[in-house]
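The chains carry the letters A, B and C, assigned in the order they are written, with residues numbered from 1 in each.
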Amino acid sequence: MKARSALSTERTSGGGLGEPGGSPSSNPQVIAATRPSALSSVVAFYRLLLRTQVTIPRLLGIGALGALSLLLGVFARLDDNSPQAATDAISSYGLAVLVPLATLWLGTSAVGDLVEDRLLVYLWLKPVSRWQLPAAAILATVSVALPLAALPLVLSAVIAGAGDVAWATLLAAPLATLAYAGLFVAAGLWFRRAVWWGLAFVLIWENAVAYTAEGTSRVTVVGWASSVLARAPGVDVQLQAGSAAAALVVLPAVAIAAWLIATWRYRRADID
Amino acid sequence: MSVVEPRVVADGVSKWFGPLVAVSDVSFDVGPGVTALLGPNGAGKSTMFRMLVGLARPSKGSVRVLGLDPRADTGVTRLIGLVPQQESVFEPLTAHEFVTLTATLHGLPDPGAAATRALETVDLDPADKRRLPAYSKGMRQRAKVAQAIVHDPSVLVLDEPLTGLDPRQRADLVGLFRRLGSEGRCVIVSSHVLDEVERLGSHVLVMSQGRLAAAGDFRELRALMDDRPMRVRVRTDRPRQLAGALLEAGTAVGARLDGDDLLELDTTDARALAHALAPVARDRHARLFEVLPLDADLEGVFRYVVQR
Amino acid sequence: MSAGQDAQLFDLGYRSYDGPRERPARAILTLAVFTAKRVLGLGRGGRHKVLPAITLVIAYLPAFLSVAFSALLDDLAPDDLISYGAYMFISGSALALFAALVAPEALCPDRRSGMLGLYLSGPLDRTRYLAAKGAGVLAVMLLITIGPLLFMLLANTLAGFGPSATETPELLLQILVAGTSTALLYASLSMAVSSFTTRRAAAAVGLVLVVSVPVAVVRTAIDSAGAPDELDLFSVAFAAGELAFRIFGETSEDTEPITRLSTELVAGGVGAAILAGALICWLRYRRIEAFR
């Protein structure tokens, strides 16, 4: 590759400014890695974004919301039809409110905060492929949202004594988290006020438009996630976009498509 | 082993944001050594810097760093170091973590050790456990410089690197930048502290209103400013007699007296004045105590260029 | 100063102002107007107007559609139109979205940028500052709580579906009361949430959580665990919607617990939420250090 041949003849050093008085042309050592490995740079991005995302207010806020779902599990257990009550709670609270809003808060801030604080420059000017930052952002968002938001939903179904619902939730909630994470990370890179656009998406699109007609739920994340939830036997779920098997393909595809769009956007953006 | 000389070439570069033209048709070729990019606020310096390192795409024209497009080729960023203007820092990180992150992303085999060396170079304690927001402005600035040099770049772009530093720290960093430049690196620095910039070197690029107003050695630029007479201050015991003689001879085109011993002369030929001053003083029995060019410094050049 | 017969030299340097000064109320009004304009993007570049414009469109859309249907469909009966109470109810999402834009924009940047300190160094103290900000936020919220209803009233009247001349003053009063109470509720809650953070994004998400989370929790508690219906007062958004129904003398088609509560209780719940939000905001701002 032209770039590599030009660079590989450059003077390099093994570890930065080492020898006083040295000059670029006199240092015979070639940089040990022309580029960092994809894994090491993704890990570096991931760890950075995890640290910037995981603040005490966010942990407490999302954790409290996740804990509320456990309370809902307790309430559902007291119902005559615990599995249905648990399903209703997971559907109306978990998939419609907790998972999208928690992921919104984390996903838009993963890169969005760096854009707002004008810190992206320190990550852009690096010899790494552009897909790595959005990928790390999605991974970091999912890493925090899963245990704090998605997992408590599963536990709430267990508390409610609805084992089948718990298994369905174990699949539905993480898939929804992944899809939302992709969408909101992309939004953080695309829009200046990404949170507001995300709220509009959640409030208007996912919670209002999704219910207007039978077909509209097919273009919502909550519709497909509910389809997975509906796999639990003996329960009714109001919103279903299609089969659970299709949802297993659609939701990850949404995340991948969002990641590709985020990468494209990041590659073309002017960095402030 | 052949080596590509560190060069930054801008060719007809323009950048506009809607109807606002931030940079207009700027061309220059900067090689090894220290080059200062000067200009008043809003001249387009930061926009130009962003295009030089690939952060922004030129609306027109091209930028080449080491012969490559920094926007298209992420690999060339390995040899570019940037100290950006913004003051914000990664709040959860210590200085060592911040610089180690940069070293890691540059693929250095021992990022921690490289970060330690870079921090020591800028006189920061690598073992300091305080996070960056707890640092003073000057310490944060030095941490930014450390992350810019940790990977031993060939091209260094420094946007206001002396901001927030006390005089001793500024002197230390100026010395560092001079050393980096003398080692064959291409160092481009912008600063409002003109007397510090003068100590970095004499090669300047001056931008004004988005355009390149001047380029080259500022002393040679001064000599080109023939539509503006140079001012020279002379302290003598016979200012009137000296002024009269020089004006009569045409060596000076203007004179101002200040007190009993101070004379300010305007001349369009500094060399002729320098040759004539001593003989004329001798003929007039005047003693010369001080002869000082008043606007041959960088500030004088800067003011002239941006006010045209 | 030197002077001949007619010549005078004037001192152009700094001079202190010794004339009359406006009252603090003027400062409050100025800041309120500035806040409202800033939130709507007025006096700023085009891109600052995009979000407010879109939010206004979303908020007014049901009204536009209702009016359009009544104009286009000849066989429409008055009962087929969206009632005023129902409008307040169905625009809940738009109200939350608008509030998530308005109050964070009004409060958070001042603390993040350090402007709060500048404001407090003048005639505004913390209470006056909050009063000004609250007035600005409320004025903007009234745009989408009262505005669409007035639009519908005008359109319905022109289309022949409107109230009679004797009924109009009462309806106007109902619109004013319902719109103001809803606007006060959202303004108060959103300012309370915004007082906890300097980031607009966090405040926006926080408001939506405050509005939406209690609904799910409370209703599950009532439906499944037999909790008392009064607990549904914590579903503040639905309480405001139900209050609007009662003000307009309408009956909600919903069967939610809030519909089974007395009007006094619903009004008291909404009032308590308004006061709680205002109090929380005021207490927070008393403790905030206003420097950067």
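Throughout what follows, contacts are C-beta pairs under 8 Å (C-beta built on N, C-alpha and C of every residue); 3 or more make two chains touch, one makes a residue touch a chain.
These numbers were taken from a predicted model, which means no experiment stands behind them.
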Touching subunit A and also subunit B, the following chains: none
Geometric centre: closest chain by C-alpha means: A
Most distant chain from subunit B, judged by the mean position of its C-alpha atoms: C
Computed distance of Cα centres, subunit B from subunit A, in Å: 44
Length of the line joining the C-alpha centres of subunit B and subunit C, rounded to whole Å: 52
Chain centre separation in whole Å, for subunit C relative to subunit A (CA means): 32
In the complex with subunit A, residue positions of subunit B that touch it: 1-4, 6, 50, 53-57, 66-68, 73-80, 82, 84, 86, 88-93, 101-110, 113-115, 117-118, 121, 147, 149-152, 154, 179, 183-185
Contact footprint of subunit B on subunit A as seen in their complex: 3-4, 6-7, 9-18, 20-25, 28, 31-37, 40-41, 44, 48, 51-52, 117-119, 121-130, 270-272
Footprint of subunit C on subunit A - complex, ascending: 57, 61, 65, 68, 71-72, 74-76, 78-79, 85, 88-89, 92-93, 96-98, 101, 104-105, 108-109, 112-113, 192-196, 199-200, 202-204, 207-208
Residue numbers on subunit C that touch subunit A, as the complex places them: 47, 51, 54-55, 58, 93-94, 96-97, 100-101, 197, 199-202, 204-206, 208-209, 212-213, 216-217, 219-221, 223-227
